[in-house]
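As written, the chains take the letters A, B, C and D, and residue 1 is the first residue of each chain.
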Amino acid sequence: MTALNIGLIGCGFMGRAHTNAYKRVPDFFPELGRRPVLQAVCARSEADVRRFAGQWGYASFETDWHKLVARRDIDAVDVCVPNNLHREIALAVAQAGKMVLCEKPLAMNAAQGAEMAEAVEKAGVANMVWFNYRRVPAVTLAKHIIDDGRLGRIYHYRSSFLQDWTISADVPQGGHATWRLDVAAAGSGVTGDLLAHCIDTAIWLNGDLRDVSAMTETFVTERVHAETGAKQPVGIDDACAFMCHFANGSLGLFESTRYARGHKAAYTLEINGAEASIRWDLHDLHRLEYFDHRDRAEVRGWRSVHVTDNGGEHPYMDKWWAPDLQNGYEHSFVHQVADFLAALEEGHACSPTFRDALKTQVACDAILASAERRRWVEIG
Amino acid sequence: MTALNIGLIGCGFMGRAHTNAYKRVPDFFPELGRRPVLQAVCARSEADVRRFAGQWGYASFETDWHKLVARRDIDAVDVCVPNNLHREIALAVAQAGKMVLCEKPLAMNAAQGAEMAEAVEKAGVANMVWFNYRRVPAVTLAKHIIDDGRLGRIYHYRSSFLQDWTISADVPQGGHATWRLDVAAAGSGVTGDLLAHCIDTAIWLNGDLRDVSAMTETFVTERVHAETGAKQPVGIDDACAFMCHFANGSLGLFESTRYARGHKAAYTLEINGAEASIRWDLHDLHRLEYFDHRDRAEVRGWRSVHVTDNGGEHPYMDKWWAPDLQNGYEHSFVHQVADFLAALEEGHACSPTFRDALKTQVACDAILASAERRRWVEIG
Amino acid sequence: MTALNIGLIGCGFMGRAHTNAYKRVPDFFPELGRRPVLQAVCARSEADVRRFAGQWGYASFETDWHKLVARRDIDAVDVCVPNNLHREIALAVAQAGKMVLCEKPLAMNAAQGAEMAEAVEKAGVANMVWFNYRRVPAVTLAKHIIDDGRLGRIYHYRSSFLQDWTISADVPQGGHATWRLDVAAAGSGVTGDLLAHCIDTAIWLNGDLRDVSAMTETFVTERVHAETGAKQPVGIDDACAFMCHFANGSLGLFESTRYARGHKAAYTLEINGAEASIRWDLHDLHRLEYFDHRDRAEVRGWRSVHVTDNGGEHPYMDKWWAPDLQNGYEHSFVHQVADFLAALEEGHACSPTFRDALKTQVACDAILASAERRRWVEIG
Amino acid sequence: MTALNIGLIGCGFMGRAHTNAYKRVPDFFPELGRRPVLQAVCARSEADVRRFAGQWGYASFETDWHKLVARRDIDAVDVCVPNNLHREIALAVAQAGKMVLCEKPLAMNAAQGAEMAEAVEKAGVANMVWFNYRRVPAVTLAKHIIDDGRLGRIYHYRSSFLQDWTISADVPQGGHATWRLDVAAAGSGVTGDLLAHCIDTAIWLNGDLRDVSAMTETFVTERVHAETGAKQPVGIDDACAFMCHFANGSLGLFESTRYARGHKAAYTLEINGAEASIRWDLHDLHRLEYFDHRDRAEVRGWRSVHVTDNGGEHPYMDKWWAPDLQNGYEHSFVHQVADFLAALEEGHACSPTFRDALKTQVACDAILASAERRRWVEIG
């Protein structure tokens, strides 16, 4: 088995999630020809990065990402830093001729995203964006069902991502833990952070968006900055909802917020076709709800499919435990790494590439523009 | 449309439920040839019975049930009094050559029940026992599915009826509202009151019981009598569980209690066959859970069938509103009256007859005997 | 008890639902001083109306609604005809000085609605619109919880009403059974039929709407007319979604369609406050989901409240059966009649009045205008 | 960090689950002073064990367990072989003065179990049995709630473990994959395999059992042996149910089967106390249902607690991802290893020890004896 030397930049929540995936993939996907090796991790704080490297088993660490990118023993760079740094690092990695795996959203905006997509394509390096929810087995199963044409003509797609962690006005913005509230670091609020997930899945399952009409709201307009302690205006969107048309003629309805009390990570989606419908909810990510109008009428109803194998029919699940034994959040990252490695071997791109993720970025820009101007905005 | 003159004895909770059913059946089952007429109601307290007759529209009332039974303008007598009075009244009604509809359980014990069944059969009068849950559309649908052979060989039947209303030691026994806690009036506790429902449905769906092993418990051993105020030993079973074998070779497991905090009327059942399984819960009585192993594996799962029509395939529901609009508890009684009237027209018995209900009584006797002796008891 | 003589115009689905409510209310609300009497029913087809009167027990019938309105033995006229007839009849009833109960939506548009509201107010007659879902006990309970201030500041309101009965292009438009697909009779499609319910409840629970941005779609653009057999363009909206701001600063998101496979009457709502949230789903109308952030963290979670009494704390439920025994769809109408009668006695209006319902009509007009013009529309 | 050198015997399903736990614990519990090291794995087939060691990263392998036990570089032996080998290996490990971690059930019967418990105690070696479900966070939370006295006096405990994988008579017995159907290897059927889990949790949560009355059934009485191809009588119990009394006066009801169509790993439990009740279901292992009678009546209901942190109040979950992001089956093993390591450091035993697990073994013996003799059997 060949090594794929990983250099990770950023050791926050996502740094942990990706690292865990790199470590686990050989145990559960032993047939793969390449094995990720934790070669180096980089963060600005030496204390932090030293501790992280020790805990997770990275062979070395850096405090300057330029050095990590320049190292000859690194094959692939994983970008797990705030959004405002994605572009610069990704361009440097591409220029260095290395593979790049970038945390979502791809960039601060579509212009940056386009530049990044062009850069990796020009450099001819493998690239991928961490829209991990595609690889939740129930979501992958939804993709299979749709691609098999079992839903018939699609009429509706609806999706939401609800949280409640910023309701308190005492939550600060900026800094390590709360950079997602700082528009300078994040680019936007729930749109880039949460709706981007909904949109990526939606495009994957239901095709391109044609136009959008959005509204955003900032409920708490001033917050203390976590590092400076200064009270500053809040620049992000606390909530965002939008309507859209898909290219296939179906209607879309999306919503995201951090002010939905009772929800911490309520990512849900539903798709209605002429023949069948599908629903999914991250809170019980191992289940897929499925309704098929062709069932015998007497016992027709929504099915709760426990996506834990069903005789080997469920994506990825044969790699794990036994039927009915559920997996969790982290496994989506393991699956994404496995697919990336398999794609490397087979010599094709692993979706979502930068180019794929750019579509979501374009949609996010359109959404924010629509909300600002209070009018419909065409896409593409 | 011909009148069926009803004489109701007892105006408690069940008196209300049955009266409501008599009044509603012509509106929703207009095709029936006979229409119940509220001719007379009887209770010992004149004040109570007068008020009840006025509220519900009974044409007259009595305070002595012998008089009601003797009246020539009564076709059918509905016995809604505590269990210790069932036998005497039912025998008198049969002797008077009138139809008799008896609240469950049929009697205080199997000996009484046998006497009653023989009496109505000898008199040749129509008779029925109010095991109303058979006519919840989801339960009737379960019967259809089973009779169609869709479950395959049956392995397991489990059922429970859980309540929590007697946890407080301050609840009295005896009297109007709490006669169910008085063994002299009720004959037994949860066995006759709640398990009788579970057993009636079980026999209907899965056939006869062969043997039982039971345990009972009385958690609160003394209670004040509601009328006398005297503290007295409690004679009923507060909780009862039993295992059994069915004649078809399947295993049964049953439980009932009034000490299950969080449950008020949690009647549930599940039946597992080689090919398919069924579950039902009174808390959402308009739903039937159904699992069919023959479904395509990828999307196989428990279905939640909203038993509210599905293109006319759901029992009784075409009589009511529109698809997906749910009915409630009371409708089971309306359906039972409608079936009784239809059976009268068609000249056959309406199940469960006294003879049918006797089986449940025999099972209850065996359960109580088993619990007392701590050993298995054969049935029949 | 005084009689309230009812004259019903229209004997379709809603005619049945209202009639059932009139008949049942005295049984379950015996304390009310007035009792509805089924004095007359009116429909154009003599065969139909004669049959309906016979089945349900109306004392007489008419085939010309002008005659019914003119009859001196009628106190209150119930308007259960297609939307395009509401205005004319309601104005005539008001002019005749009679009470008027009008099926929802109030009118074809806001102009008609305003005229009707003014007419009943000028005439000083009691008036009400049948937005029955306010009186589902779980929804009424939601209102109590909100009015008690338990949710805190409201951030989000979302609601949808999903059906699937018009997916087939073979469903005709117009005529008795499918007038809701005929724009000439219905005024609009899902907006007036389904979203009107969502909006009425929303205004009741969360206050006025400030502006809307909507999209509509007509998926099947031609249908055969049920009576003429001619293929005609479809004029209604098959689906409609809209975003809005409420006057209290919260964001709203609404959707309705008849193309959501797997849903027959999926009316849902959710409201998120700073302290607590509420969810409700018509499919299990006897449950209210409730989340309270003030609960002890260890066991904090969404509660499924079985709105069937809880010690007398649940609206209306003490009138019916016993704890945990669920009611159904029809009971919402019974409750509305009971409240109407109680309001009569107490000498105040019974909400929603024509004036109340006009707000929903105004919102519907704004929604349709917004969808047509593809821009935000302010509301009065 | 000190190494704890692990020697694993057996590389089947449980060998994988334990190995995964050893590997992951340092990543997520970095504060622990000892780190498991995969020193050696043992299995009879050299091909199998070589492959397993390579995939999972064991430093070496053996094909004779005596050699592994004798190796000086092994600190702890993990026994993951069929039940009939537990005793001999465990005794040898104890005699070698090494720690022993034994897969459940502890032994073939209570006599063996007692011998094993005495051996490890006499040797003074750390010991533990892999009843992993205690460390599912929702189950651990249940333990906390109970120990805090929040349920009040306990009345009922019910638990079941339902599967459906042996319904087909074509499933063989014996051999690698199906030794659980071979009474010579397994000792019993569902009793030792599945009910043992239910009983271990029950004793942990609710205390000792006092007596049992059980029934067992073997639905398929002959099966082909996987290795010999010979048709042989089936010696195991396919299904087992039992009633019991707990020492605290509460009633227990348990069931297990491999013939419940629609269930693959349906381990459920419910406990009813005077004040509150708890339910859990392995199918959604990250949720705990909780009902508290002390809640305000209006909004009292069963809560679905998503056991994924709630502000740090949920056991183990602060070690993993973020609120609302669910874990899966395998994490229970990681938690058990972490607790074992922590107990080593703190110098106390890690429950369930062999002595703890012996109680479950005694109960299983009593259950099988009760079923055979068809009578109640006292425990201890």
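As a convention for this text, contacts are C-beta pairs under 8 Å (C-beta built on N, C-alpha and C of every residue); 3 or more make two chains touch, one makes a residue touch a chain.
Please read all numbers here as calculations on a predicted model, not as lab measurements.
Each chain's centre was taken as the mean of its CA atoms, and the one lying most distant from chain C is D. Interface comparison, B-D against A-D: more C-beta pairs in contact at B-D. Centroids of chain A and chain D (each the mean of its C-alpha atoms) stand 36 Å apart. Separating the centre of chain B from that of chain D, both taken as means of CA atoms, is a distance of 42 Å.
In chain A, the residues touching two or more other chains are 263, 302, 306.
Chain contacts in this assembly form a complete graph, since each chain touches every other chain. Within the complex formed with chain D, the chain C residues making contact are 141, 144-145, 288, 290, 292, 295, 297-306, 310-314. Those residues of chain A that touch chain C in the complex are listed here as 151, 155-156, 158, 162, 164, 167, 213-215, 217, 219, 239, 241-243, 245, 251, 253, 255, 257, 259-263, 272-277, 291, 293, 302, 374-376. Taken in their complex, chain B has these residues touching chain C: 13, 17, 20, 23-24, 26-27, 30, 55-57, 165, 263-266, 282-287, 306, 308-309, 320-331.
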